[in-house]
Amino acid sequence: MTSSPMTAADIQAHLDASPFIAFLGLHCSELDAEAGTLAMTMKLRPELERAAGTGQFHGGAVASLIDTVGDFAVVMVVPGDVPTINFRVDYLRPSTGPHLLGTARVRRVGRTVGVIDIDVTDEAGRLTAVGRGCYGVPKV
Amino acid sequence: MTSSPMTAADIQAHLDASPFIAFLGLHCSELDAEAGTLAMTMKLRPELERAAGTGQFHGGAVASLIDTVGDFAVVMVVPGDVPTINFRVDYLRPSTGPHLLGTARVRRVGRTVGVIDIDVTDEAGRLTAVGRGCYGVPKV
Amino acid sequence: MTSSPMTAADIQAHLDASPFIAFLGLHCSELDAEAGTLAMTMKLRPELERAAGTGQFHGGAVASLIDTVGDFAVVMVVPGDVPTINFRVDYLRPSTGPHLLGTARVRRVGRTVGVIDIDVTDEAGRLTAVGRGCYGVPKV
Amino acid sequence: MTSSPMTAADIQAHLDASPFIAFLGLHCSELDAEAGTLAMTMKLRPELERAAGTGQFHGGAVASLIDTVGDFAVVMVVPGDVPTINFRVDYLRPSTGPHLLGTARVRRVGRTVGVIDIDVTDEAGRLTAVGRGCYGVPKV
């Protein structure tokens, strides 16, 4: 893992430029290119609830957090346009607000694909979902 | 596959009651419990774009469509509360508007889990993404 | 989908050259490059049972069948060395002998990856497992 | 995670009783029920090679190792018969002998399903594949 010229602020600028990610309100909270980890938070809003008043995120919002933080973990290592090839989400518990934290960890970024693990935890630190994504690596 | 007492209108009422699904604007367009198929459409709106002006849905919106139509395909067969256990999404092409169609097909609904395949096509009928989900089956 | 110069006999020769696949005893039973489908059979032997005398294949043998027929479905379309990037298996029922049939269907083969669906059925035609694989596409 | 009455020797006895696992030659090398980790080794033999003389395991053997160690990680926590519901394998590098080590880590074992991560490393400690499995939990 080589250190990257990208900062959390750079990634935040990309997040804010995407209408769908802006709707989710993702915030890049941690970036450690040496360690291969990247984290984002997502704050509960009524529009993100699975059912009104539950205080629980819809699974689609959780999946979107997973896909996005996994994608930018590759961008952090190899800057450029990174398409998601596929990903898997396992839901372990209801994802309750007020915030979720999605933490991506690079398992391997090769020449053509990158494989990233993403853990989602709630404010109490409980693991609510896990993701694993495969992404296309930009040509350097 | 036994026929179900649920109609497309019943499922639409569930969709509209979820704030996140209402944001996505999913519309239940086809239900055939005998055949084990269920379809929903999603209309492009600026908030669903991956990047402004591209006319392409963000992958998180596509994943949310897949998860939702897969989930309700189980509900169609065994009415009740159906948690997503896990799902996988493979993106095959950019998902371009103005509409996407997500079509779920029941592969098997057993006593504890249901496995559903979901194809996503654009208005030209091109396959843009495929999903496969595993869902908990309500106790009858 | 363009037609391929590979025949079922060509693929069988590749299968027989792999010690692990030869152990499994896979037989290429159908190839239709135009339709994008490829099928292989696997015969139950005592060494492939999950528990002695059950008449049921071990899940690892089923997964190996899925991976192999999916891989050669890409080879059928774009001849060359095709690495598996990742795959998913869902087990729907016990996989009972005397034979299993694994049928691969090309969902899309692009420039860098191919996505293949694989259905596994027993002699009674019951679906016992489904696979979905993502494979690297050889440079033409 | 509660401590389990199962020992590595108990699990080894189960492995040896399965014809297919006995063919693979899996050896239970580490069990820590408190930590939720379980490890098995697989030794390269000519019959497990993807191509003769490569010194590399076939991906189906690697997938079988992943499925098996993940399954027994659930057994370790909740003894009984544990069916694999589904699993995913991502191949990161060729899996070279003379031994592979598959290490399972419990992410969550709930009332109905358990989710397990499995890392596969070669003798040099390089990560060659990662698995994630979902298993049925025996009724206590």
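So that you can tell them apart, the chains are marked A, B, C and D in the order they are listed, and the count of residues begins at 1 in each.
In the analysis below, contacts are C-beta pairs under 8 Å (C-beta built on N, C-alpha and C of every residue); 3 or more make two chains touch, one makes a residue touch a chain.
The structure presented is a predicted model; accordingly, all values stated were derived computationally and were not measured.
**Student:** Touching both chain A and chain D, which chains are there?
**Tutor:** B, C
**Student:** With chain centres defined as mean CA positions, report which chain is farthest from chain C.
**Tutor:** In terms of C-alpha centroids, the chain at the greatest distance from chain C is A.
**Student:** Please report how many Å separate the Cα centroid of chain A from that of chain B, as a whole number.
**Tutor:** Inter-chain centre distance comes to 22 Å.
**Student:** How big is the gap, in whole Å, between where the Cα atoms of chain B centre and where those of chain D centre?
**Tutor:** Roughly 33 Å, centre to centre.
**Student:** Tell me, which residues of chain A touch at least two other chains?
**Tutor:** 85-86, 88, 90, 115, 134
**Student:** For chain B, which residues are in contact with chain A within the complex?
**Tutor:** Spelled out, the residues of chain B in touch with chain A are 17-21, 23-24, 46-52, 57-61, 63-65, 67-68, 83-91.
**Student:** In their shared complex, at which residues does chain D touch chain A?
**Tutor:** 88, 90, 92-93, 107-108, 110, 115, 117, 127, 130, 132, 134
**Student:** Mind pulling up the chain B residues that touch chain D in the complex?
**Tutor:** Residues 85-86, 88, 112-113, 115, 134, 136 of chain B touch chain D in their complex.
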